[in-house]
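Structures incoming, each one as structure tokens.
What follows is a pair of complexes built around subunit A, which joins subunit B in one and subunit C in the other.
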Partner chain A sequence: MIKLIRVFLSVVIASAVLLFVINRLNSAEGFSSGNTITIYNWGDYIDPDLIKRFKDETGIKVIYETFDSNEAMLTKIKQGGTTYDIAIPSEYMIQKMKEENLLLPLDQSKLPNLKNIDERFMDLPFDPNNKYSVPYFWGTVGIVFNTKLVGDKPFTSWNDLWDPSLKNDILLTDGAREVIGMGLNSLGYSLNDTNKEHLHEAKAKLDTLTPNIKAIVGDEIKMLIANEEAAVGLVWSGDAADMMGENENLDYVVPSEGSNLWFDNMVIPKTAKNIEGAHQFINFMLDAKIAAQNAEWVSYSTPNKEALKHMPKEMVEDERFYPSPELTDKLEVYENLGKKNLAFYNDLFLEFKMHRK
Partner chain B sequence: MYDFEGFTLDWYKELFQDTRLLIIVLNTLVIALLSALFSTIIGVLGAIAIYQLRRRQTKNTILSLNNVLIVSPDVIIGASFLILFTTAGIKLGFYSVLLSHIAFSIPIVVIMVLPKLLEMSPTLIDAARDLGASKWDVLAKVILPYITPGIFAGFFMALTYSLDDFAVTFFVTGNGFSTLSVEIYSLARRGISLNINALSTLLFLFTILLVIIYYFITQRTKTQVGGIRND
Partner chain C sequence: MENKLTRNIYMIPYWLWIALFVIAPILLILYYSFFDIEGHFSLVNYQKFFTPVYLKMTLSSFWYAFLITLISLLVAYPTAYLLTKTRHKHLWLLLIIVPSWINLLLKAYAFLGIFGTYGITNSFLEVIGIGTKQILFTDFSFIFVSVYIFIPFMILPIFNALNELNPSFIDAAHDLGASKWTTFRRVIFPLTMDGVKSGCQVVFIPALSLFMLTRLIAGNRVITLGTAIEQHFLVTQDWGMGSTIAVFLIIIMFLFMVLTGTRKRGM
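Coming up: the complex of A and B.
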């Protein structure tokens, strides 16, 4: 009995000491004072230095939390019980959050730096007039390929993937709209096509790609391609930049027929407590120099055209990540096709995955 | 992916400068300790109550209910807790994580303690009562000392379960509160920094140290008590 009590007491004392230390650390960082904002962002998606700078400039402390998928974020915000002041979802999720009334409209008079954003990326179909969101980073879907493994074979078009020399050498990202979209694009149709004949045609075309496909995988595609398990991959540009950082034989191309243009955007969810602070933070991130520093750290493409002037030339002139205006015109943003059409996309994709010939 | 280039302590330095990560580590430890403590207390009381039940049927029913939490998948438990906490208006954070950890640890403690109780000869209790021990004396001087090894086993099981739980915690964290497993998972999107490796090394050494200390303590008490039976 005494032994038990002694052990339990020491556990209580240890926890009390730890709690005290946590408290001290929290107040040292300023998290427990009133003037804070909570940011809910993807992991490793902001230069930590900027969070410090924001604190120094405005006196507002930033509590930073991370998520790993749009769906996880949606659940947390929808269920309530949290007080996120800023979240950074992708464009299709913004549409969904709008429909479910989870977003607060932005007060654009508090965002003077909004003028820095390239007009090309403003007023997009997923959020007319940028009522709820401001673009944070953007990118494309394209082909990453290993120059050592494929030799001199050039990649310029989606149809290059159908080359018989690539037998069992292609990895695809596991996304219905990305893969079906590739089929549609290779036939010259729009990514948002809902014509069933066109979709069936795209699926039939994809079926002929099957001998070349090694696997359809999730996030591990980055590791597999960087480790040269496969020579070619269908990926998002952000992932491609990561892979190229790890393996110098890799190169990335946005096919000339066009492709998808995606956005991650800053929004203020309904759960926000410090709306004023959230606006200040968005405006801070839109500042040309700040955005430039952030883009250099994250290495995704920034929509901030003023920021480009402050960034290293070789980064801005890299057509793989900042495609020329002619190519950008061919890029399409995913539109919300409605539940029924989306289900049709998913069914086709599932059929394509299950019935490999 | 990093190629091995040489030895450095830079990542340890970076680790200790990252206050946010340190807070998360300490949070994880506090949650583990407190949830193990509370679940042990509740679990032991529960096990004794089940042991004392006369009717076989009620006993079996309660034991099966106890097993429901062990059998049901973590994801389901986590999602249910999320719904429960949000409808009950409990703010997600430290307390929601603590409560859910206590809840899923209790059945484990019960399972660890109950066999010890069943193994104990009922004549021990009868003898104690016969010699004039009060109910409290029986509990404190006969039952608890006998089941102490089971209690410790339950405590450490609860501790490890809480330390490495991901699925349940994932659902019920929020408002700036996070534990290590959830944090590492969110970092995985853009590759895990090497200071996580440094942290894992430190945690591993810390656990080894605990095991060694525990070993020496048990050694010492054994020699101290000498001839008296002490498990």
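Coming up: the complex of A and C.
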């Protein structure tokens, strides 16, 4: 018994000492004072060099943390344990965070570089007048295909996926709006369609795609397609860029019928302590040269039209990632359809998943 | 009197635990299941559960859980039996249990590589002349990986039951002229039935609500009630429907426990 108490006590003492050391370390690095900001971003989504440069220019130290899904980020910000000053959620999550009062409004007078953002990407339905958010990167949903495996078969339309030669060769991203959206787009309907007949029609059309579908997977899709487990995939353009970096046989296309246009955006969550520093950081990232350097490093599409002038021509003129204005006009941003319609999308998606070959 | 008081004090942590972590969550699930997606009190979720979509899902969950349990049992019983016959039986048992210390997600990812088109299994099939087959994202791979993950939990109780079996019963059966098969059928198996039952419970109940493997290994070609709960809670945010499915899972599991539970039999 005495031995047990001793073991127990030593664990408690050790933990207390560790906690004390961590506290000292944090204050030694100036973590608790006003000259730091905490950034909460996706992994591999900023040029680390820029974080250093921001510190050199402003004297503000950056604590950088990453998340791998919007939902995980939302949970952590809701809990409020860490004082995140900047977060970078996707557009549908911004609507949700707005509804739940988790965002602070931006002071646009402190963001003079906001003028660098292309007007096409300002004042979008998910955040009118950019009251809470500034676009960080944007992209599309499209088809990634392996030219070695599919041969010369061109991909220009969603309907090309229904080709019998692709039997059991397509992977889909596990997202209700992406997959049902593909069905809607292939029929010429809007991605934000809430007409139940149209949705049922789209689901029936997707059912006929079942023989071609190998699997519906999550983030593993990047690894699986890069490893040539399947020839074709329905993916976000950012994931496609990652895969193309891994496997040179891959190519990406946004089908001509139209597709989704998505945005990741900088916001200041309610948990922020250093609101002044957060504004400084957003303005810093909006600078044309900084944004250009970041876009080159991350290889996603930047909404900063001044930055494009500082970027390599072959990158900016790559229509796969900077689609022409004609195609961009056909792209749609997801609107918040409301819980009920979203549930209907998900029910259809569940039924589609259960449809057997 | 004092004795009774101290006993009651000792019972406090137990009752607190039961109230906080067993009764309260079940009541909460039951409570949530009566709200529709817009937060109005209604029975619509229960109505929805009895539509073909969810009934089909329930049946398929049952079918896969049944297959997983059956195959686990068929593999585990002979294994456990052989283990009790080996000299260092506890070492061998430990070796079988060691994989269950490794994170489930890690094991699932490993199988993505092993079963992939260019994985080890297919290289082997290619060498022996069968040729590359699709293994990943099939019923086979789903059941195989699930059995692999659950089998230690099936072997353990059966091993313990066999280990505790008094060998003189078997000797007696032999002396009375029973063949090996009869001894097994009439003596060994009935006496280890408790181990088999608890093994089946430990495998069948979690297998009914598997969700991660359905995506990673079966590529969402297998949809179980667990998948649906995950989707309703995380994606749709329809906590009501998710809870309703959970209520039915609890009922099903309870029934299964009662049916397989050990009943006192007059010896």
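Of note:
The rule is simple: the second predicted complex is superposed on the first by the 322 of 357 C-alpha atoms of A that agree within 3 Å, B and C clash if a C-alpha of one lies under 4 Å from a C-alpha of the other, contacts with A are read in each partner's own complex, and residues count from 1 in each chain.
Here is the rule we go by: a residue touches a chain if its C-beta (ideal position, glycine included) is under 8 Å from a C-beta of that chain, and two chains touch if they have at least 3 such contacts.
Since this is a predicted model, take the numbers as computed values, not measurements.
Once the two complexes are laid over each other on the shared chain, residue contacts for A:Val12 go to subunit B alone; subunit C is not touched.
By the document's definition of touching, neither partner reaches A:Glu317: not subunit B, not subunit C.
Of the two partner chains, subunit C is the only one that A:Glu71 touches; subunit B does not reach it. Shared-chain residue A:Asn227: touches subunit B and subunit C both.
The partner that reaches more residues of subunit A, of the two candidates subunit B and subunit C, is B.
In the superposed model, A:Lys339 makes contact with subunit C only, not with subunit B. When both complexes are overlaid on chain A, the residue A:Val217 reaches subunit C alone and has no touch with subunit B.
Under the contact criterion defined above, the residues of subunit A that touch both subunit B in one complex and subunit C in the other are 223, 227. By the touch rule above, subunit C contacts subunit A in their complex via residues 37-38, 53, 56-57, 60, 109, 112, 116-118, 134, 136-137, 215-216, 218-221, 223, 228, 231-232, 234-238, 241. Taken together, the subunit A residues at the contact with subunit C in this complex read 71, 168, 171, 174, 176, 214-218, 220, 223-224, 227-229, 339-340, 342-343, 346-347, 350-351, 353-354, 356. For subunit A in complex with subunit B, the touching residues are 1, 3-4, 7-8, 11-12, 14-15, 18-19, 21-22, 25-26, 28-29, 31, 38, 42-45, 63-68, 72, 75-76, 79-83, 219, 222-223, 226-227, 242, 246.
For subunit B in complex with subunit A, the touching residues are 1, 19-20, 22-23, 26-27, 29-30, 33-34, 36-37, 40-41, 82-83, 85-86, 90-92, 96, 140-141, 144-145, 148, 151-152, 155, 170, 174-176, 178, 183, 185-191, 193.
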